[in-house]
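Below are structures written as structure tokens.
Here subunit A shows up in two complexes: once beside subunit B, once beside subunit C.
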Partner chain A sequence: MGKAELPLHAPGTQLDKGYIGQSVPRANAQRLLQGRGSFTDDLIFPRLAHVAFFRSPYAHARVKRLDFKRALRSPGVIGVFDGRAVAEYCKPWMGVLAHLKGIRSPEQHAIAIERACWQGEAVAAVVAESRGQAEDAVGLIEADWEELPAVVDMDEALAGKVVIHPELGDNICFKREHDTGGVDEAFAKADVVVEETYNFGRHTGVCIEGRAILADYNAGEHSLTVYHATQAPHMMQDIFSRHLGIPEANVRVIAKDVGGSYGIKVHVYADEMATAALSVMLRRPVKFVADRLESFLSDIHAREHKVKVRLACTKEGEILAFDLDDLTAIGPYSVYPRTSGIEGNQVVNLTGGPYKHQKYRAKMNVVFTNKNVTCQYRAVGHPIAVALTEAIVDRAALELKMDPAELRRRNLIPDDAYPYTFPSGIKFEKLSHHRTLDKLLELMDYKSLRAQQADFRKKGVTRGIGLAAMIEVTNPSPAFYGVGGARISAQDGATLRFEPTGMVTVLCGVTEQGQGTEGIFAQIAASAVGVTVDKVRVITGDTGVTPYGGGTWASRGAGIGGEAVLLAGRALRSNILDVAAVVLKMDKAELDIVKNEVVNRLTLEAKLPLAELGRIAHFRPDTLPVDFQSELTVTRSYTPRQYAFTFSNGIQASYVEVDPETGFVKLLKHWCVEDAGTVINPMLVDEQIRGGVVQGIGAALYEECLYGPDGQLLNGNMADYLVPMSSEMPDIVCAHIETPTKQSQLGAKGVGEAGTAGAPGAVMNAINDALAPLGARVTAMPFTPERILVALRKI
Partner chain B sequence: MKAPSFAYAKPRSLEEAFDLLERPGAKILAGGQSLVPSLNMRLSSPELLVDITGISSLAGIQVGRTFRIGALVTHAQIERSAEIRKQVPLLAEAAAHIAHPAIRNRGTLGGSLALADPAAEYPACALALNATLVLLGRKGERRVPAGSFFKGLFETDLRTGELLAAVEFPRVERSAFLELARRQGDYAIIGLAGVADGSGRRIAFLGAGATPVLAKGASAASSLEQALKALGNDIDPPADLYHSSATKLHLAKVLLSRAWNTLSKPH
Partner chain C sequence: MEHAVETTLTVNGIEVTRRIEPRRNLVDFLREELGLTGSHVGCEHGVCGACTVRVDGEIVRGCLMLAVQANGCKVETIEGLSDSGELARLQKAFHDRNALQCGFCTPAMLMAARDLQLKNPKASREEIRTHLSGNYCRCTGYQAIVDAIEDVLHG
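On to the complex of A and B.
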């Protein structure tokens, strides 16, 4: 396709309304599909060295002796280093935050010193001329280990017979209790009380591009440039600066193309810190790219919860109270700087989220184990909270013999009840549970589907329908991290620069990981300024260039970064019109910008092409009045302030068929109705939801990091760890309700995690709906054929 | 991970290949779909890879009294061959279950049988079909029935310096291939390859032991009930990461029930 043929908008696009709400194909898709992406691993530098790590084969062991003699003699080896050597250049850290009261974690070093606390923790690094040579030398390192008892099971960790970090006294990292009061009374007067325990497998986010970092220290100016597959370049700039002792202004972090992240690439990884330190030590560029096997051993894992939940309701189906007890295990360290306490905290915040009960009690324990660390992965805590809430609600429906959709209708917070304070303390600005429920039931033709299900049952075909209503944290204010002392920006800035040819360059602190953020920024900027989208170029992911910002996480890119772009775009439009007014000797109020032209606001008569305005403003300002100065580069920032979080809401449904002989689940169809506020690009929003649903289905049916009793990861490869694949995925139908947030002018709430939040619960409920007539029920994800067969008492 | 370094040679003739295979640390490379991943994961470190894909006598399908399929014939070729689909449909059906299109385009029949992964499709098919494996070495040809070829876990009757040249399959029209895999293209949890003709049934299972296993009792049974009972003595499937031995036996019984009619109805 020639450059002029790039389709600028989908058929039917109405440009006069601007690009907001239009499925504009994103510019970077074509580049990536042509193989012209440029990822960190694509970079080649003179004197580039490669690092490979010697990782502990044991879950918990003391390193008695490390012998590098043979490794040092291996061809191409530049150096071999242990934890002490690297610690001289890189300060250790501790993954705690002040607002998670009582959270504790030991110090963690870039390379473990003396003791490894999980299988895969690096205890030495080899730097060589090539990665292959580094790996050869890793194989020649000799180590004497003294195995220590490994704590693998959550309950054992809580019981604390063996304590992983003796200085902490027990294995508890963080605990939280929450109580509105009146819970016992509510349960005492309830007609129906249901109770169940749910298990959620530990899993991980599998990115197409593994973690990658290339650190280039320049001794000549004591500066460090880090090319990093990261979601948060400014956060990493701050961390490299503080831990390596290099002034912040001398550290530049550049995120090239990033091949998926899902939260995996927003944390501090010891091996990445070691890579940066090694670059400083060796005064040359050093690269580390995690291969697939070490990704499974060292990329953060997530989930692994065991939750007991009780629900009290009246015989009319009014939910009175939820009572929750969550136990979750996070590995041996709380991950820096976001901590590993957030997921459990979210479970406490969000359980029961869509419903209007007033009584709520929760208890939560986060414990250390000798497995890989866990931290924030797409939808943090939501899949747990949504699934257990929705499963226990369905359990109550079963008890009440009430249709699950009807039970939800009776309990969802009314659409006119906002602003609303939920019993966990969180506040909702405006949600639309009833409208999304109505739309979902219509979309899936719920009544006919139930009839079809009944027909199939008569023929012996076991099908089930599952619903999952949800709320989702988006656009966090500093309440998420900043108030706890984390140096993580809750604000983002956007700079818009008007170029002489009438083009607009956007620079924003929010990053692109393949989800299309740059595409929507172009749409917003084009709409705000009045240019066509082909005139906009977007640059993200470079601390040396973009305004300061938090980056990409917690579904904040559109809602926060997008708002900054909108505000900057409006300011730029106004500034352009100032120039137009003096050039045209007209009143600014008479002018507007439409499709790259300054026009008469009323008649739309073309007055001045932006390219001509750009030429004059940049090259011939001498022709303008002496006291006039054009301002054609503007920066605006945005931080949500009124609410701690902007919540979105939605509801999903799953339709499945269970084969009771084999325990196999076939996903027939999936629906999601989501209220993400203003939809900027429907195609990208739907793809975010679909991708998220697929990851949620992964949790429900396939993905689990399996550990042996000795703490060995048993399935750390793509053959044995099952990611969801296209052949098994159902059609996923998406629809939207739009309730824009009034906190911002754009009104976007964010949509990145909704799919993942709701899908596991919907699938769980569908399977249990199918199994109900057979007297079986499953509560431990993932729902493997064996678990279903055991529930059916077939084995 | 990166593969440890190795030498590579691509012989044009069998003679040349035999010479190369005598070198220390030599290993045959065919489609590379099992060997190359194992190199990249540093699970094996041969010194010399002898790429046999340039030896034309190992390629191609010959139709005669039996079906002679060259070792280099790919899974995709087997899947697409109209002749095979008509005359040995079991193989064509099985091929569609092997991995994904990209892998089927490169992976070979010979590679799969020589590797002898007990969870793979072809070894069980070869056993059910009572195929004859044609092995070539400098000293000449050996013809080994599938029943004696598979010796143990990833262990075959192939001797050092020998290669698998071709496989001869009898024509069998009545057959059933069933497997259970959680994702399309995965190695199966358990699978069944069964044929029936005038001389009786031969039902083999994959994923049911250290080698493909011929379920002799179940094959000889005269009713499904008997067959299901016999199966418990025929196979003792090893547990995998997600399924206990009992689950796999249960699933094997489900497959047997599902295949029974096809393998029993009069011709």
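On to the complex of A and C.
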């Protein structure tokens, strides 16, 4: 056999897959299972000081006087500071991006100066030797306030009788209109037109670990090390540098274990910027951990949309057009640096997303209010777009007296229609709506379930089935933020280092918050290099150590970081074989690496253990030819560029029972069929989808940040703000179609947000399917027992 | 510290004596004075369960019990139960099933799971779900946790 005929590890061949597709338990879970993780609040440094914030009790008020005298005398207090004092050290910011044309926001300071614009905005900071002492002193700050009129309702905000930021002239942060043309004509010729308005409550991420930061300024070298529960260490490094006036090279951000993030920990928070500034001011480490009440008042909220949607279709069930009008409120500031315009923008981009209609018109207004700020939280805009699309499609099915699954089948974009440009302008590389629908219906045994539902109805038991098809943005290119001027990397790098012991160390800019990022990087690296997975160590979350990168958001970890690891792994394998070839005096093409050994590629005969190769390369290079230099550390980078986003797709189904007497919804079962491209670790993927589904169920049934007419948060604690508990959750069945993206060699799309994107719509449709025979329908999330009883005219 | 109360308790088998401010809760004491950071603080009002520890054989919320109330008590934390091997089977099952993501709620979840294993070793899936309802997890869909505990109880 000639050399050319030797088996090669061509991309995509089975031999090359190694650990890809296997449910390998992740190594970094071990320390967490013993309580030996290292969360930011676990860190204690010499001279560590603690900060607590004095926050506005009013939604909108002028600070006429702040008196710190008593606070300063309180035991343990190191200093008390107002907004002006902190502003000397921390420049303000503005949450706008150039590609969101016309978006506006006022300047925001680390600590508000003169005026608080939401209940919970910090107007002073106390630093003390312990958090308890700092809180004691916060209670001793005296303030005179002049209450200002608060804008709480979003329609009132849009009407603009009271303008929150007079310099802006009105309360509009951002607006967008999109029109393919031909929409009115489509509605005119339609046999059926359905219209409905949907309300989506404000909710938040409720990470069990509150936001946490420990900033440690070293005056000797004018350097700042920040231990930060963040998803984006490099973004924060840039921001600390620019706003605190410290050279970027002197700023190091370290994200150790992070106790849940879901998008909550990817934004710039004023109190965290203040903490870093206070460390500089006081020349000592300062820690801030948001307690639960502060979390509800100051972690970004999300959603709060009111959307009117119309759908036109023929009597055969062909959807002709969607017409959308979205109003969303974001609080008093657009959040820096990603802006608060993205969620509404995504609703415009994604509404109607799975379907093949050609006419689409959308109008969207983002308005300021005097409530806590909102910004990107898991699935950004998708839960809104999916739920309103799927609800109005079901409404059309009711009118047409057509089975909802059949109506979807008739309208989903055909699986052979790709690449495809959707009427909103977004482009799909390759989706599999029909295959996912077929798989879902088979998985849930749709026909039998419908029969079962009918039987239950005869017995007076009110059950419903709801479907929700979805598309999901993953692997964003620089089109998401970079083109708008945000210094947020869409590219990630991975460095692989071959150690003398034969171990492989992976360093990557993508971070780990429990998704299993480090676990899948180990699987990819092991597969690419040819070592067993126990021979790989992964380091993430440290700007001082890892290649530059964007971090973890928008379902980009596996698709972007994973591809960088794969490319670096292949390069490292090649470099190791270069060494092996000179050591063994063989042709490189005859050699391969399998299970920690250099082997003869043809016979698989073991030739050289990697540990021995590592010893020679690192300690005895003198034994190698004088003109040979080994390169056993390699870095590769990856940026998706062919498409703005790598869309994934999927479909979910919910089966519920509604008690018409109490209004309670019992979730009986939930299904999710997802096409996330190459599945690297099915076990991790499935539980991440389930976690996402449960957060989506929370939005549909329980979670809402309730505000009074004066802008006071009414339920800002865990007892009153309900999140899903284990006893309420159903078993969730997951299945996959794999359509790898051809943009990368790994082929992975993202999976982190799909569950949250689709679940609210599926649950909504299931509830309305259950209620339909009773002549009731609900359209405002969350679907509390009260709202269901009102719909049933019971109360 | 003028009102500090001398308190003696056994933590993971070791007797410790400290002068403790009466307002200090048990979990803060364990974390900040003893460096046992495996018990986590999630809500400080007894809802999320992340601070669950075992006191005289019963699981309690570390945020709802004052440290001085533990005078004379036997307190056990995730670190102690890990080192003694008492949680080994549950930990292995959690690892094998990936019954955790960020790991913040996990030590307390294991404490609650062990409590169920001791009190109702034949618990059904529904009973497992009910028993865990005082422990919030925001990352998983709870299913892998229930699966892992089921593996241990019925495996």
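FYI, the second predicted complex is superposed on the first by the 778 of 795 C-alpha atoms of A that agree within 3 Å, B and C clash if a C-alpha of one lies under 4 Å from a C-alpha of the other, contacts with A are read in each partner's own complex, and residues count from 1 in each chain.
The definition used in the following text is that a contact is a pair of C-beta atoms (placed from the backbone, for glycine too) under 8 Å apart; a residue touches a chain by one contact, two chains touch by 3 or more.
All values reported here derive from a predicted model rather than from experimental measurement.
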Next on the checklist: Once chain A of both complexes is superposed, is A:Gly514 in touch with subunit B (first), subunit C (second), both, or neither?
Outcome noted: second
Checklist entry - Is A:Thr505 contacted by the first partner subunit B, the second partner subunit C, both or neither? => result neither
Checklist entry - Looking at the overlay, what does A:Gly259 touch: subunit B (first), subunit C (second), both, or neither? => result second
Checklist entry - Does the superposition put A:Ser727 against subunit B (first), subunit C (second), both, or neither? => result both
Checklist entry - So, does A:Gln358 touch the first partner subunit B, the second partner subunit C, both, or neither? => result neither
Next on the checklist: Between subunit B and subunit C, whom does A:Val693 touch in the aligned arrangement: first, second, both, or neither?
Outcome noted: second
Checklist entry - Looking at the overlay, does A:Gln30 come into contact with subunit B only (first), subunit C only (second), both, or neither? => result second
Checklist entry - Who does A:Leu714 touch here: subunit B (first), subunit C (second), both, or neither? => result first
Next on the checklist: In this superposition, which partner touches a larger number of subunit A residues, subunit B or subunit C?
Outcome noted: C
Checklist entry - Which partner does A:Asp291 contact after superposing on A: first (subunit B), second (subunit C), both, neither? => result both
Item to check | Shared subunit A contacts, counted only where both subunit B and subunit C touch the same residue | outcome: 132, 291, 717, 719, 724-725, 727-728
Item to check | For the subunit A and subunit B complex, residues of the former touching the latter | outcome: 130-132, 135-136, 139, 291, 293, 661-662, 664, 701-702, 706, 714-715, 717, 719-720, 722, 724-725, 727-728, 784-786, 789, 794-795
Item to check | Of subunit A, residues touching subunit C in the complex | outcome: 23, 25-26, 29-37, 39, 41-42, 44, 132, 205-210, 257-262, 291-292, 513-516, 683-684, 687-695, 717-719, 723-729, 731-732, 755
Item to check | Complex interface listing, subunit B residues touching subunit A | outcome: 1-5, 41-42, 180, 182-187, 189, 241-244, 246-247, 250-251, 254
Item to check | Parts of subunit C lying in touch with subunit A, wherever the complex brings them together | outcome: 23-24, 31-32, 35-45, 47-48, 50, 77-79, 82, 91, 94-107, 110, 126, 128-130, 132-133, 135-146
